[in-house]
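These notes open a run of structures that come right after.
The two complexes that follow have chain A in common; it is paired with chain B in the first and with chain C in the second.
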Partner chain A sequence: MAFISPAMLLLLAMSVFPLLWALYLSFTDYSATRGGPANFIGFGNYTAILTSAQVHTRALTTLIYVVGAVGLQTVLGFGIAYLISRRTHGRGVLTTLFLVPMMLSPVVVGLFWRFMLDAQFGVVNSMLGSVGLGQVEWLTRQRTALLSLIVVDTWQWTPFIMLIALAGLTAVPKYLYEAASIDRASEWFRFRTITLPLVWPLLLIAVMFRAIEAFRLFDLVYILTNGGPGVSTETLSFHIYKVAFLGFNTGTASAYGILMVLVVIVLTQFYLRYLNKLKEG
Partner chain B sequence: MRHPKRIGRMSAPGRKVRLASAAMLLVATTMTACGEGKDDGEKASAPKAPATIPELTKDPLTLSFIWFDWPPAKALEAFANAEYKKERPNATIKVNTVPNANWHDAMFTQFAARKTDFDIAILDSQHIGEAVTNGNILDLTDFVKENIDVAAYNPYLLAAYGQFPQAETGKRDENASLYGLPLLGDTWTMIYRKDLIGDKPPQTWDQMIAAAEKCQADNPGVSGLAFHQANGSDAAAVTYNTVNGVYGGNLWDSKTRKIDGVINDAAGQEAMDVLVNKMKPLTAKGSGNWFIDEVNAAVAQGKACIAFNWIAASGGLLDPKQSTLGTSREQILDKLGFATLPSQKTNLVPLGGMGMHVSAYSATANQTEALNFMKWFERADIQKKWAAAGGVPSRTDALESPEFLNAGPFNQVYTDSVPRMRDMWNVPEYARLVDIENTNVNAALNGAKKPKDALDDIAKEQQGVLDSSSRKGGGGL
Partner chain C sequence: MAVSVDEAVSTGPTRDHTPPARRLGGRGRSVLEVALLTVLAVVMLFPVLWMIETSIKENRDVYAIPAKFFDFKITLEHYKDVFVDPDGGRSALSVAFLNSVVVAGVSTVLATVLGVPAAWAYSRFAVKAKKDQLFFILSTRFMPPVVVVVPIFLMYRQVGLIDNKLGLILIYTAFNVPFTIWMMKGFVDEVPAEYEDAAMLDGYTRLQAFRLFTLPLLVPGIAATAVFALIFSWNEFVFATFLTSSDDVRTAPPAIAGLIGGTTTDWGLVAAASVVFALPVLVFAYLVRKHLIAGVTLGAVRR
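Now for the complex of A and B:
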């Protein structure tokens, strides 16, 4: 205990206390800049957030984003990992190359994709133009802006899924494939009955991590679209930022943050139960 | 299997002591945080600066500013270190900069912490209400009375950068308190291609749109117009406010704090219609997220017939290294003209620029130095030198001086625009009001909302912000 007490104290001061403090503020009308006493208002902030049409809009945007980005990353990540796992030469080099985007800062990724997706001088439109396709307003139209966010996030985070899936694929015992080959099982049959069931639990953990990350997306939105056009790409995290730092409504922002944490905890619990069931099965 | 004794495990009383210590630490931290909240309540109004400047320190001192990253910030640091040091050799001026989008947050998060790493905050005029209400900046009223020649300024300029509550457009309330002094004046200039639309700039908004339309049709690859449309900072909001003013609209009724029914009245609707249905089609595809830099880039690359931008950000347009319009300043000026904004139903132009405000949390020696700097900066001779160094002064004598008028081709535009200026709201709720307007105007410009719906939403949401003081919970949504 004495050995870990510095770490415990650090954890208390840097993690537990802010969480408890945010929880306390979430029941008040406190504002960090206006000062004054923090008046207790019960569940006022929570009721307002849960019934706010603005929050519902951001929740829907976030949901579309999470499903779109994580879905695409899972398909691509697993696909790439599957193809790499079948190679015998250059596997290490390929894996390292695919991992590069994941190592970059999201702000840097956002900035260079912002230039690449620029409607006037971006390289993406330039390439489309060279094959006879017209200019696309990637970041300034409602549908394409959200799609752009999904594409950029996918570009950066597909390697993460790929890496986990590759670890799972490598761990599949070879003798299972050999037995299947002796039984003259088709490629698709081997994939469906050996590869996928064995990799699936590991893949689901990767999906869970990515979904939690995507759920609290802020940086890419801030750099690429600033939530626009209008508020059509504003995610929940981005909205909290505005509530917290534009109006300095600290009480509301705290309640908003606590609700997001609760959503993640509850969904993760369901997810973990499903994973456990899968394991038991 | 149970282990009767585990190595390293404490005895029960020892554990209790540790747990009690941790709990006490948590409670103490909580009490400290709660205690700060009580202090906040006692400091709810701006503290007063002394009328006369106390004795200045003889020790080395760094006077820090905070601004956003743009050429005037560099110009200010260079100018102040070159000139102020002549009088105060022990003082060094440091202008800290942040990206424009973080400017408000960078200042107000420090204000919220009641500790700032800057002595002078360069606030937008609209930030004054928030800073004053929260007690973040010094009340300079007595200091100004004793040290500043207020008659040397256009009264509205002095009011716009310092007065709270806000002055009526074009006026100054001499009984109101002042919390800042002008640093850099600014407004929009119309930048037009003389080689494409002629030497004479359009005089009315209608003529301007017609000229842009013709120019775009005659010059494939060149868009008729370029202006701010982004949903960050105050980009799209200033654009709408400008057109709103020109078409005779109002942003609000400040006396009754009424927005709904004012901004979206017939004049406001007409302005939104002109902006979205007549001006937007003349802009480049994908320009819906353009702000200062993008508009300048379009002009410099010869891609726009007529553009609107802040004067203080227009200097780079004359740099041949950044332009495709010519290989020398003269060649560029053969093609580019700068004019005051066209008028229509009124001749209003947007008030830009910023003032200097002393942080209430700065050390006393630094606050004293800040006051001395402000007194020095507002002197007639220094204002002229600031003009010659590329700054936009605020004193009338400096604005009409050859030092200023000859320093840039757009400076005459500023001098002519001063009597025509109108500002936004400078209430404490400014940041939220401007965000509502920005996002909705941006939505209308990019087809995410119908213009009328966007304007009605602005009116409704902004009114909701102003009326939300009695609301229990959910403030800020």
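Now for the complex of A and C:
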């Protein structure tokens, strides 16, 4: 097909071929800096990764981060969307204002929060101080560093959930509410039996999308905490980077990457299946 | 009378004078909702406002403890530093901005040129295993950049594309093509195929029919799609930071990130550079606000 093949060729060259190369390297002990021939070592890299306590720690960190950030975003985003949908005036302005964080580059977001969360001259601690609360070393304590990461991600991506939830909320037909109010249904009953069931499918799409994105998070970690303190904010993506570019274990990093890709593919399949069902239904 | 959760909350603060609150229940709740929205909006926008404020503060005020919110001297020194080197001449940052314009611009044009015809073909023709192909295309977009960057790095090292703008352009094009196809397929689907059929009955070829009748109707959609591709490439960080190193090639995101590190960080400069970097994105995003949902979900959700 003359119209499709150029695009397909590019994707094959820039996405599929690199992945196949990574797949090959994942069975070898190749190192990008040492050079020399790549020795075939079978599933050695895979067993090493799957049994590594280090990797398990990163998997747990990633899980906490994904569940925490996406959960917070969903609750906040839906809440804001619900409040906006009940307004008749200024909806457009409000929506536009709320969307700003989402459009910013993770670099800008990461740098700026790093500045605001600075323990000495950060504005967050300054505000805490002025209301008589103690100072917090946000990015240099283990617990608060991961919390900070979750908060910053939530700040950036709550608008995403809000935007999609708002689309769902405004698409709910008015006559359903009118019928319900004729029946003197309570507001909570209306929310539970009309709003939520109608918005939920679309909201779930947004949540799954965010979960996939959060699972592969790298840049925000790199800028905000650089994985530290210790390894407390190292996500799986960040760990792969360290293995590949600081440890130069290209083979191991490739196997690690392939495993991550497998997870992403499974998640994406769920997402696309669900999306397809929604479109047809 | 049934009491909802929201009402239960909203009557909380006004419990002392219950009768009027009950009569004005609707309005009291409305005021509370507006107040809540305002607080949320302030929280969401504060970091952005603080960034703008920091970018026009003198260094003394930037590091003031406690932080100064209003009583600071305004200076445009940081903005000058973004563009002009202390020794005169162009600054490294301004070169990086120019690189970003080139890389994002060219990759967007390429992705559009490759993606639009493909989207049209997927929309109009019976392609074998169409659904599977489209799923495959979108899947490539979900690959973790850090995983892809390792083999891409090795591949580029072989062919000399490391620290080369062309290398970045190619990878950004590859990442924007799936998005362009998905987004544009939606727009093409909205144009009735009958237009082209009618034109072909009049003796035009399929391609002429597309070019003369469908393409003009797609222009707004193409523009919106291109703007999103532009924003994605402009904001991209992972590939930019691992595939480039020299000041001549580096794009703005790694250049701005490079401002921190070392012992001291000129946060005023970081803020000014961030504002200059983010401003075009916000303007562009505002222009395509109608298509924002489709854009940010990679064309998957359309309303």
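Quick note on the criterion: the second predicted complex is superposed on the first by the 266 of 281 C-alpha atoms of A that agree within 3 Å, B and C clash if a C-alpha of one lies under 4 Å from a C-alpha of the other, contacts with A are read in each partner's own complex, and residues count from 1 in each chain.
As a convention for this text, a residue touches a chain if its C-beta (ideal position, glycine included) is under 8 Å from a C-beta of that chain, and two chains touch if they have at least 3 such contacts.
Every value quoted in this text rests on a predicted model; they were computed, and no experiment measured them.
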Could you say whether A:Leu196 touches chain B, chain C, both of them, or neither, answering first, second, both or neither? neither
Contacts of A:Ile64 with chain B and chain C, given as first, second, both or neither: neither
Identify which of chain B and chain C touches the larger number of residues of chain A. C
Can A:Ala180 be said to touch chain B (first), chain C (second), both, or neither? neither
First (chain B), second (chain C), both or neither: which does A:Ala253 touch? both
By the touch definition at the top of the document, which applies to A:Ala32: first (chain B), second (chain C), both, or neither? both
Thinking of the overlay built on chain A, is A:Val172 touched by chain B (first), by chain C (second), by both, or by neither? neither
Output check: A:Phe160 vs chain B and chain C. Expected answer is one of first, second, both, neither. What do you get? second
Taking the superposition on A as described, I'd like to know which of chain B and chain C A:Phe245 touches: first, second, both or neither. both
Just checking: does A:Ala7 make contact with chain B only, chain C only, both, or neither of them? Give me first, second, both or neither. second
Residue overlap on chain A between the chain B contact set and the chain C contact set? 1, 3, 8, 13, 16-17, 21, 32, 120, 244-245, 253
Write out the stretch or stretches of chain C touching chain A in their complex. 2-7, 33-34, 36-37, 40-41, 44-45, 47-48, 50-51, 54, 62-67, 114-115, 117-118, 120-122, 125, 127, 131, 133, 135, 137-140, 142-148, 150-155, 170-171, 173-174, 177-178, 181, 231, 234-238, 241-242, 253-254, 256-257, 259-260, 267, 270-271, 274, 277-278, 281-282, 285-286, 289, 292-293, 296-297, 300-301, 303
Complex contact set, residues of chain B against chain A: 8-10, 14-15, 18, 22, 25-26, 29-30, 33, 37-41, 43-44, 101, 104-105, 108-109, 111-112, 130, 133-136, 230-232, 284-289, 303, 428-429, 431-432, 435, 439-440, 442-449, 454, 465, 471-477
Chain A - residues contacting chain C, complex: 1, 3-4, 6-8, 10-11, 13-19, 21-22, 25, 32, 76, 80, 83-84, 86-87, 94, 96-108, 110-116, 120-121, 123, 126-127, 129-130, 155, 158-160, 163-164, 167, 171, 186-189, 191, 202, 205-206, 209, 212, 215-216, 218-219, 222-223, 237-238, 240-241, 244-245, 250, 253-254, 257-258, 260-261, 264-265, 267-269, 272, 275-276
Looking at the complex, which residues from chain A come into contact with chain B? 1-3, 5, 8-9, 12-13, 16-17, 20-21, 24, 29-38, 41-49, 52, 54-55, 118-120, 135, 137-142, 225-232, 242-249, 251-253
